[in-house]
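Alright, structures below, take your time with them.
Two complexes, one shared chain (chain A), two partners (chain B, chain C).
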Partner chain A sequence: MTLTTITAKPAPEETQTCWSCGAMRASHFCEACGKVQPPAPVDYFTFFGLPRKLNIDVVALDKDFYELSRKLHPDLNARAGSQEQGWSLQQSSRLNDAHRVLKDPIKRTEYLLKLEGVELEEQSKSATEKARATGQLKEQVVPPDLLEEVFELNVQLEELRMNKKMGEDDPALVEEIGRQKLELEQKHEALLEELKGYWKQWDALIDREQSGQSVSQDERKQVRDKMVGLLNRRNYIRNLVRDVSEALEG
Partner chain B sequence: MASERIVGIDLGTTNSLVADMQGENPVVIPGEDGSNLVPSVVALDQNNQPVVGNSARNFLIETPERAVYSIKRLMGRGVEDIQEELKLFPFRLADDLQPGEVLRIKLGDKTFTPPEISALILRQLKRNAERYFGAPVTKAVITVPAYFNDAQRQATKDAGRIAGLEVLRLVNEPTAASLAYGLDKKRNGIVAVYDLGGGTFDISILRLHDGIFEVIATNGDTHLGGDDIDNLLITIALDDIQGDLGLNVRRNAEVVQAIRKAVIDAKIALSSQPSTELDIELPQGKRYQREITRKQFEQLIQPIIDRTVGPVKQALKDAGLKPEQIDEVVLVGGSTRIPKVRALVKDLFRRDPHTDLNPDEVVALGAAVQANILGGGSVATENMLLLDVTPLSLGIEVAGGVTDKIILRNSTIPASATQFYTTQVDGQANVAIHVLQGERELAKDCRSLARFDLRGIPPMAAGMPRIEVKFLIDANGILHVSAREQRSGKEAEIQVQPSYGLTDEQVESMILDSFDSAEEDFRQRQIIEARNEAATILAALEKGKKTPAWGKLTTDEKKKIAKLESALNAVTNEDDYRAIRNAIEALNQATTHLAELMMDSAVSTVLKGKTMDEADMGEGPAAPHPVAKAEFE
Partner chain C sequence: MSYSEKVIDHYNHPRNVGSLDKLSNDVGTGLVGAPECGDVMKLQIRVNRDTNVIEEAKFKTFGCGSAIASSSLATEWVKGKTVDEALSIKNMDIVKELSLPPVKIHCSVLAEDAIRAAISDWKKKQETAKPLAVEAK
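== the complex of A and B ==
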């Protein structure tokens, strides 16, 4: 590991658009001579020349990723000057980071919400793990429609843990918990489909904006809030499934 | 010279190799003894001069306290990490070792850090390459196990620097192997590389498409390999010897090494025959004799080779693939010669693995391919690009001793993550950061990479400073950290305490010693070899003058030869090997006609186009370079 200190203040992340046609642009290397350019402080969407829309053609994204890798990767700039090599390292790490986030539907949605200024409320992964590590109960808001189900499941999990402690076996209980786990997993899957519905709503707003129509802050907030709510539910279910798996295996 | 040569090096636990791209194909460069493999054994001779490779192996048996093997197991590790190793390997740690200090190993009465010992191996490979090319070699690609952590990678890079090599890239061994296999760019599909070597195990799953070698997932165990099989067999033999013969030879290093050699021979024999005999001479005129069948051997090693199953399954899971979706399986590493290992791999992937490249050489060959790509590429490597991943998640310790993962394992590298830190009390000037690597949830279970303090934070109310810390894993898999305070734009001073590893200053001081002498050694060798060659050609010329062929030359030709002959005589006593070589070359050119005339009278047509020293056939010392004429700058 090596360490360096940078003193300059970074420019804020901003979207770069063409002064003439308003299209997004991404210029990481010179079209004429192929040289890697200093990285511009742009968001991941802009890096790939994409608008901030959530329905992404992942096949096209992968293709762009490989094409850009062939220009920006440090291996292909190993003979350049040290400054250029530095840019190549920064540009290619940015490329990899952007590709990793954008190709994943959940990470992509979370990233967009962050760009939109939303601090995801759901307890962060670290907070969850901290709670697990210290044995403290983490504070969770149970999604209202799951309240009853979760309550019952918790009673059963407690029973299962007691059984295991006493060395007793209750196949019917294990089967019942297994069935509920499967149901939760299906719910988890279905939420992704539901999320894609909100993507459409969001992308429609962006399209309207780009065609010159006005979109109110309220309209944006409505769609954002729906996505935030859904992601919180999804995370909650994911954690629940993990707890159930552990109880069944442990 | 057109562009500087970059060699590919496989710095292995058991054997090390150096390779170079020659035309379309990578080729392993042999040592002076003609062997492609340099055993990774280092010893100190009676004059405290380091000896490496085959010649060092004898020391293992005769003066084991002056020799060391499997040093790769200690790279980038602290004394508390290696307690298991110390039980099984005859590593002799320095007596005055302080906790947290980089390990030092005793050879005779001198001590060396693991990177210094590895550097001696690298220097041997560098010399082999220099001898082969007849030119200095200063740049290299070195392979490391894919599952090596940051500290182990940094230690390998340090070893390169100490050996006088600029390490242009560290490449993961299984990935390198896939490069050697995939030179044929038409190959597309999913490839799994199962690499079980002397001391490490790696599994990597790659997607090959249009020349891009994209690693999807990697996993492994940096302390699992042929060594573990050897140690198991040694333990059994020692127990037998005590039980049957009432002899405790555990503290007798010479006998233990003799047993080690015998069990390794037996292990190798059992890959090709159904049974073999152990026969070891012991003190007090006793002998240990025992037959081992392959079946017994396979039962014994089953628990060891089964340890590769977990990582394979995890890698498949991380890649989101089922075994039947793997198109090809490639075997790498000497331990994959064991039939039982091959059977296990076949079982895991439900297909026959590829074994068409030598599993001992394929990693070095791939390193040479990567070296070629870094050097600007060639027709053979055109369009080839390697996209590798980080094998372990990178994390930061947060409240409660928990690891907060900021770059997940199997992320394509280079990769980065930015974290923001602030203060908890008014006017707080320092923030402590603990960087970790590993998959476990608790910081204490992960590998500590470094602790550092952000200092000199301008006095502000609690929570006001916004310190941006950027973590960047480069294409070598090595972490870089940079920090800045955003509100004031002021520099946040960083003090870093790497958990393991040498400081820059330490590496620097080690380089100067060995680098200077390596350069000098190289120069001296070149001078001696050039003088020998000069003597050969001058002697051949004297002989040629007495043949009828001499009379057939024109006066001009004779004059020119005489002039160049005295020029060569003049420079042979100087210390400039390049001048000697140039003079030899000039004289060789001028005497080509004479050589042809001599040949014509002797064997007529067959040997046409030969030069003077070759026409001589027999007298004088042999030409020192086994290959084509050397190029010089």
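== the complex of A and C ==
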């Protein structure tokens, strides 16, 4: 059985010789003698032999994952030397981490942004510093209309908590908050679809790069920033939905 | 992590909680949010048109103790300052005053953003109000 991605042609810098039989090998184990190789310090995309693109064939990923799991499983290598067993264990745990992150659309995007050097809080701070220096108003990550909505909803939640404390009941308020919660959840879902649109833009840049065309830092940054903004909005809504649920149940 | 005494004091006795009429011409409103934690902060100022001095400041913050303390402190600090003086308040001043730990620095950033947003809103109102005043003469 062949792996769909791992057997893809390795980049020259990833090509090394097997510690055991000396054959050239692509990745986690030697294709000639099957021995597990010491883990290479690579990111999760490279681990699966994937380019840093966001639209991933999850079915193929899962397939590679299960196949690799079997081949790298420490139990299967129980008869191997202790060093090889250790590598097997390390590779397995890295495999699990990589699979968990790449499988999930949000975690995958966040991971890629991290690889691209995005630090969310750092960004907010430097934007404030820029606003201070230029006198220009800082562009808020969360758009104004969403902020208004969040603020009003919080006012209502406060009222709801107060009511509960006093043992009072306000069915109309509970209903209104429930309705807004539903709306937020829909918005939360819709943002995932919007994110997929940005994936396309990002992947197109990577494709261009791989075909030898140049991609400017600005182009990368533009798509990156759009994804950062969207994830921030999404997290914001997620936290709010959590608060609403707590207040309704509490 | 434990809160500093000053944070707890502001949290238990927040200064200047409330709201001002956001439609009023001498009121500036700043509404900002921190996506890292879901906080939302509203800070409002009433500015004397002749002296540019901030005579009143109110806030309402939904968030953690540090966010509440940062905005409470911000309203205290801007009161009595001119608009330009208030713009010189930096988030690190708030961090120092409240002994905020690194993980809570974003709360102070939020408070500085709120001050700037409120002042910017007020300035915008003055620009649009000016031509009307000239016409009235």
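Here is the rule we go by: the second predicted complex is superposed on the first by the 202 of 250 C-alpha atoms of A that agree within 3 Å, B and C clash if a C-alpha of one lies under 4 Å from a C-alpha of the other, contacts with A are read in each partner's own complex, and residues count from 1 in each chain.
Here, a contact is a pair of C-beta atoms (placed from the backbone, for glycine too) under 8 Å apart; a residue touches a chain by one contact, two chains touch by 3 or more.
Owing to the predicted nature of the structure, the values given are computational and were not obtained by experimental measurement.
Engineer: For A:212, using the defined touch cut-off, is the partner it touches chain B, chain C, both, or neither? Pick first, second, both or neither.
Structural biologist: neither
Engineer: Name the chain, either chain B or chain C, that contacts more residues of chain A.
Structural biologist: B
Engineer: Under the stated touch criterion, which partner chain does A:117 make contact with: chain B (first), chain C (second), both, or neither?
Structural biologist: So A:117 meets neither chain B nor chain C here.
Engineer: Given the touch rule stated above, what does A:89 touch, chain B (first), chain C (second), both, or neither?
Structural biologist: Touch status of A:89: first partner only.
Engineer: I'd like to know which partner A:100 touches here: chain B for first, chain C for second, both or neither.
Structural biologist: first
Engineer: Is A:148 touching the first partner chain B, the second partner chain C, both, or neither of them?
Structural biologist: In the superposition, A:148 touches chain C alone.
Engineer: By the touch definition at the top of the document, which applies to A:74: first (chain B), second (chain C), both, or neither?
Structural biologist: Only chain B is touched by A:74; chain C is not.
Engineer: Please report the chain A residues shared by its interface with chain B and its interface with chain C.
Structural biologist: Dual-contact residues (chain A): 125, 132.
Engineer: Provide the residue numbers of chain C that touch chain A in the complex, in ascending order.
Structural biologist: Within the complex, chain C contacts chain A at residues 31-38, 40, 42, 60, 62, 87, 90-91, 105-106, 109, 112-113, 116-117, 120.
Engineer: Which residues of chain B touch chain A in their complex?
Structural biologist: Where chain B meets chain A, its residues are 150-151, 154, 168-169, 209-210, 212, 370, 373-376, 383, 385-387, 398-405, 411-417, 435, 441-442, 449-450, 452, 468, 470, 472-475, 478-484, 486, 489-494, 496, 498, 501.
Engineer: Any idea which chain A residues touch chain B in the complex?
Structural biologist: 1-10, 66, 69-70, 73-76, 78-79, 89-90, 92-94, 96-97, 99-100, 125-126, 129-130, 132-134
Engineer: In the complex, go through chain A and note every residue touching chain C.
Structural biologist: Touching chain C from chain A are residues 120-121, 124-125, 128, 131-132, 135, 137-138, 140-142, 144, 146-148, 150-151, 154, 158, 232-233, 235-236, 239-240, 243.
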